[in-house]
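Chains here go by letter, A, B, C, D and E, matching the order in which they are written, and residues are numbered from 1 within each.
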Amino acid sequence: MQLRFNLTLGAALVIAVLLGALTAGWIAPFDPVMDADLMSSELPPGGEYLLGTDGQGRDIWSRILYGARVSLAVGVISQIINSCIGTALGISAGYFGGWWDDLVNGLTNVMLAIPSLVFALAIMAVLGPGLASLLIALGLTNWSWTCRIARSSTLSLKSQGFVQAAKTAGFSDLNIMRTQILPNILGPVLVIGTLGIGTAILAEAALSFLGIGIKPPQPSWGNMLSDARELIRAAPWAAIFPGLAIFVTVLGFNLLGDGLRDRLDPHMRTRKA
Amino acid sequence: MTVAPLLEIRDLSVHFNLPRLTPFGMRRILHAVDGVDLSVKEGECLGIVGESGCGKSTTALTVMGLQEPSSGQILYRGQPLSGPGAPGRKERARIAQMVFQDPYASLNPRQTIGSTLLSQLALHGIARGSEASDRVADMLVRVGLSPDHAKRYPHEFSGGQRQRIGIARALMLDPEILVLDEPVSALDVSIQAQIINLLMDLQETLNLSYIMISHDLSVVEHVSDRVAVMYFGRVVELGHWHAIFSRPTHPYTRHLIGSVPNAEAVLGRSRGVPDPVAIPEGRRFAPDISVRPEAGASREASSLVEIGPDHFVRLADSISSPKAKR
Amino acid sequence: MNDILPDPVLSVRDLQIGIGNKLKIVHGVSFDILPGETYGLVGESGSGKSVTGLSIMGLLKRPLNVTGGALHFLGHDLRRIRPRDHRRLRGDRMAMVFQEPMTALNPLAPIGRQIAEMFVIHRGMDWSEAKAKAVEALESVRVPSPEERARAYPHQLSGGMRQRVMVAMALACRPDLLIADEPTTALDVTVQAGVLELIADLCTAEGTAVLLISHDLGVIANMCQRVGVMDRGRLVEEQDTKALFENPMHPYTRGLLAARPRLGSRVPGERGRLIELEQMVADEDRGHDVPTLVTPRGPRKEVTA
Amino acid sequence: QGETPQDGGRLIFTAGYGSSITSLDITATPHTQDEIFSKAINASLYSWDPVKAEPVLELAESVEKSEDGRTYTYKLRDATFHDGSKLTADDVIYSYNRLADPEKALPGAQQILAIEGVEEVQNGTADTISGLKKIDDMTFSITMTDLADPGWSLMSNFAPIYSKDYPEDKLASQPNGLGPFKLVNYVPGSKAEYEKFEDYYEEGKPHLDKLEIVMMGEAAARDVAFRNGEIDVNILGPVQYEAYGQEAGLQDHLLEVAEVYTRNIGFNSKVEAFQDKRVRQAINHAINSEVIISKLLKDKAYPAVSWLPTSSPAFDKEAQPYAYDPEKAKELLNEAGYGDGLSFSVTATPNESWGVPIVEAIIPMLAKVGITATVDPVEPPVLSDKIFADNFDAFIWSNVSGPNALEAMKCFYSKTPQTACNYVKFSNPEFDKLYEAAGQEADPNKRNELLKQANNLLLEEAPVWFFNYNKAVMAYQPWVHGLQPNAQELAIQDYADLWIDDSAPESRK
Amino acid sequence: MSRFILRRVLQMIPTILAVVLIIFVIFSVVPGSFVSSLLAEGRNVTNAQVVSHLNEQFGLDQPLPVRLWDYLSGLVQGDLGTSYRTREPVWQTIAPRLWPSIKLALAAMVLAAGVGIPLGFLAALKPGSVFDSATMVVAVSGLSLPEFWFGLLLMYAFALQLGWLPSFGYQPGSISHVILPAIALGVSPMALLARTTRSGVLDVMNADFVRTGRAKGVSEPRLVRAHVARNVLVLVLTTMGLQIGALMGQAIVIEKLFSWPGIGSLLVDSVATRDIPVVQGTVLVIVLWFLIINMLVDIAYAVIDPRIKVG
């Protein structure tokens, strides 16, 4: 009961945000960058400006809509990169074992031990702010969980009949990893990925807080929040709404991930029935 | 005439390195298979029985090339199947195929049965397009399913049906040898019979050779031409099925046969538990022995001795008790 | 020998188990188990053997529940009894041994303690006393050096040994009924023999009634005086063991008996096909509510305590 | 604040420029954040008098200037270091020699460059500074390379007087100085606690028994702490300035000062468009500085007229800032040949008052006259790196422009390298002439006149966008007294003068 | 046991080497140098002499491999190098930050475990109930908060509006100062722990041995206490270990917000000023903390779970 509720709510939130991002060009009443009239800065919500304006006099609602593009792009794309890296490393390590497995394992431990924020911070410092840098910084630093899961799932799949059968049928290792193993670990990878999207969105916000995120004046929820932290008393809406946007979106992805996990985990399924 | 047997397992050993108990502790080696010699003739069914962990599956996996032997050889018509000059994975696939124990884990849950079967044909360039689908349909019919089952996913089948699919998959490439690792032990009695019958029918029509592994003696007795009894990684008795079951010689074989709860045998008695005499000394409540020290010393001494026509028994073991061996 | 049967330890009448009222899993199963009797329940996988056993113990998991019928155990109506009182019966008067000895024991507690817990719960002993009793219990299931073993953890024991521990635990309080659900299917044949022998010996000695659930007719033949055959949630036939094997009445039973490869049944020089279940009983003949085919109990051997 | 100071109590000061300090040895760091801590412990030869707006003698009782106006003879006052030793001429000579030592590479060396012989020491051609002479224990002389008043640089808190006998390796952990407070506890990354130095050289000072300086880089956190009464002073950002200015109870306790910083966008003359004066003027016209100042900076700044701040004696009160006039800007751009577009990027740090947010605000304004500006956001150390490497189109920064006007104008002298402070590589013969003349002029009035002309020339030439002069604002709790409007840097206060009255809460007693 | 520790310590070496290498390489290409950070304020102009002397002093004029080699050979002798900023040994710069960091991490964990585990337990005992759903939604929410935003809200609510707690800073020995940052830092591990515990309990309650316990007649409360709890602990321990291990690194933003003098804010400051030896040192400390905590978890495992052999 609760589980289906999670999934539905999560999916609804994510779809809403996605729609907002996609239709920003049509539904946003203002340009997020150029429609900045300092004379109308820090206006409270209501009237012409649905959610008020920020310190630069820009429409918060429009910026949140456009910011959704950035936040979603950062979350989804960086997590896709993570998932690809983690899955590729995890499957190959689990499948081949030996020194390669040891190496990947060691690398995973290193990645787990170094806080990913520190890593991202360093990479951002090297590449400079911007969407591309963020994608790389967050895409290279958060794959260890995916890798672990992929590896352990591969280890258990490896000895299962159908993988062995594919081997004896003469399929190449690459083919087996692609057609036999990959489809079977996609579930957990997807779950971790969904949760990771939330993490990445939060990481973008944290990096922006530390002053290295998306290049302003491009709106992202992280830099909106970071811009508004001084305004939290004077114009609380400028901080509250982007904060809520992040919260709701991350919540959506987390619920979705949770729901998917329960869906994909046969254990949970029987329990529910 | 000394034609090389279809398949020969020569002095096969498989060792596993176990993790050390302490960082600088002794290396621990598990001798899962320890000098096994076996052969399979064309059209023959070789049964392998033995207790859990005695190395039956490992032997089978080595035959299939899924496990590297530590020493020894697998020969196919006199040609080595491993080492330099051995055929590649693809060629090997046409020689031997395997049916796995667990019908649930042996099919990729994300692939339809049809695509599982078709992909093999495509890989080996056997057939394409409608010809391939026809072959798949044929094969499904042959194992007692219907052609439109090809569109279904494994979870839509019962255990027995899945095992049929497993067999179909193994037969798709027309192998000469089928290795059956506990093909029926996960199935219900009623379904077991169907599968056993199917296997026997196929063997006859396709002139297949089987290596059939099972811990269920009655199944092995029913299907095999010759039977090998394994104990702790070695063959302790080998012979024609009738010889093994009517004149078990090695104490372990006797114990094994004596342990089978046999309805007919006991119905005369009120409550029959196997003949305790057949239980070798010290084995009665012995813990599982998963790791045992190298059986080096007794190795040379022990050897298979022919005690009847085509009936071999390992002498050293019949003399020394298993306890001493540990 | 007398024809007056003692009061059954357990009496199951028209037992219905289902999920809510919609999905029925067990359709009106009835049988009695007499004191000291070993009653076998055979049938295919999914025929409802385990849920029947669990319903007696009151251990059905959530969506499943008893939807009808009556369960009487030593004068208690198990359907009306308070959960608390049912719990008190469990372990004390009725006990159960499960199939998987690997997972049925708490991996984090020494086995001695797990057995001793029985005495603490049901006999109100303190732990030291209970532990001494646990060692005795281990000894009774012929575990060598029981004192030492009592301190061992489950993972340190072999499968057979663990199953002995389970038996010791189940029989610790000398229950009136032991339910053994496939107690040996996970074990090697050679080990299986020992465990079965043990259960038989101990229960005979104590006069404990046993409900033995198995799909292995060989095991049933070896152990039971009376056998019930289940098929698709129904008890199709119930007879004394010997009678059942000699003269199965229900086509399903006949199929079951015929389909099984029997050791020593093969004749040299041939390799006949096995008889398949379908040849004996058509699918449409199964799964209907028909009265159970029962023959009366034959002469009983005296139960000697 | 004309009442009589009371003695005793504890004051909690804040250092808001970061969440840590670099070193307690102030000679090893150039950061204002560290200066806030050092000021309690150390004293320099001169100090800045915020009221008179000029350097005054601090550790010396008297000074005599020589005939040629380059040698100064000082008589030291009676002062004691925290470790009990007495201040002598040797300490001064030691301190300056130490600063000049190339091995030590102390940023504080910048402050004594005008003393004769420092350059030789830095180059390794001399061991000691030839311009320093001990006359007796309490008397010494300094010879300068130019005619400027040595007080301008020797008042720097980055060039304090240390005791020659004190072990150098303890300077960073247990500093020893002549200042009014002794360090008793230092929690790196958190705070420093001081207690009154009984032997302080000024009679009756300091007033406070205890001083605590906490490091709080986050303005929002500082705001909460101040309102909560957890800290006694708070350097305000624009947002708090606006809020405090409107709140009863808070608005009466604000200290404002026009600091000597000029915020600007420097146009790199390597960019072709920026070589044209009209383009630079156009940008100055295109941006509505006033609205930015009022909206983003909440009026916590004064519109910049030219480079020198209003407090400078060389500031021309008649001069008019660039008017906001987009039409004029378009015209100028047309004339210059950039009528149909021009684009450049502004390298900026995240600073709220002279960083990315300002550039964000000018982007739409410049867009209206056809200029496409973008931001190149960087971290602070990267800004200076990029500038020194000449790797930028334009930058936005806040640069010191006083109180020494001559020093400030040097940044547009064509011979000043880009790495010194001529970041835009400004080169104008007319300006150079005025600047050189001012340097030669001994009469302060005449010098100021020349500098005024130079400053007006800068206004006309517009080598930068003149944004604003900083208005520094400090909020203080009602019980705090003795704060001075220090135009150099408001956060630097003479702690010896601070005192708290009876209305202070229990925790401050 | 000591052998186990020895082995684990030896196993850490490659990890540590990799960390050193990665940080070294990354920061060698990071734009901006320590020296340029001195000039960033736009206030004092430091003269070229000093700049080049500084570069020389810190070996910044040496090629990367030489610097790396020097660093590694120092590291082997336990020398973390000298901070550019403070010109003191790195260890002296880090040492006073350690205890505040550990204190914050532990406080956050005590909070996370103290609230998260019981919540997860209670939720799992009544799966599907309103309490369960509510707990899990709250838990997921805890994972979805931007932490500095949450920290700021906490600060406003508890320090300013309610005035219950100090808003910032660190007082040795003071509990009240640690509460707000610990809450801000602890929400996400708390949420994770609540979830892990819940699914752990559900798993264990489904385990065969629990059914055995019921068949023995063990009452539910006793079952949970004597059989379930310990087994759940084994499951939860990994999550806890990883969380405590990661907390020191995660505290960066919170430490900055609450002016907490820990490793995290030192790290940010050092990155901002390009004080590379201190960056190296702090990252090493964070990594070591992670490794040591996880080693302790392994030892704890061995104590709780007899199946695991240590030694």
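To be clear about the criterion, a contact is a pair of C-beta atoms (placed from the backbone, for glycine too) under 8 Å apart; a residue touches a chain by one contact, two chains touch by 3 or more.
The structure presented is a predicted model; accordingly, all values stated were derived computationally and were not measured.
Considering the contact criterion stated above, the chains in touch with chain C and with chain D alike are E. Greatest centre-to-centre distance from chain B is found for D, with centres as Cα means. Counted by C-beta pairs in contact, the busier of D-E and A-D is D-E.
Comparing the centres of all chains, each the average of its CA atoms, the largest separation from chain A belongs to C.
The geometric centre of chain B is 32 Å away from that of chain C, both derived from CA atoms. The distance from the centre of chain A to the centre of chain B, each centre being the mean of the chain's C-alpha atoms, comes to 49 Å.
Separating the centre of chain A from that of chain C, both taken as means of CA atoms, is a distance of 53 Å. Inter-chain centre distance (chain A to chain E, centres taken as mean C-alpha positions): 21 Å.
Residue positions of chain D with contacts to 2 or more other chains are 220, 378-379. In chain E, the residues that reach two or more other chains under the touch definition are 31-32, 152, 156, 256, 268.
Not a single residue in chain C touches at least two other chains.
Looking at the complex, you find that chain A touches chain D at residues 33-36, 38-39, 41, 55-57, 125, 128-129, 211-212, 215-217, 227, 229-234.
By the touch criterion stated above, chain A contacts chain B in their complex at residues 160-162, 164-172, 175, 179-180, 183-184. Against chain E, the residues of chain C that register as touching in their complex are 57, 59, 87-92, 95-96, 98, 100, 103-109, 117-118, 121-122, 153, 155-156, 166, 169-170.
Interface of chain B with chain A (complex): residues 61, 64-66, 88-93, 96-98, 100-102, 105-111, 116, 119-120, 123-124, 166, 169-170, 172-173.
Those residues of chain E lying in contact with chain D across their complex are 31-34, 36-50, 53-54, 56-57, 85-88, 93, 96-97, 100, 152, 155-156, 159-160, 163, 166-170, 172, 255-262, 265-266, 268-269, 272-274.
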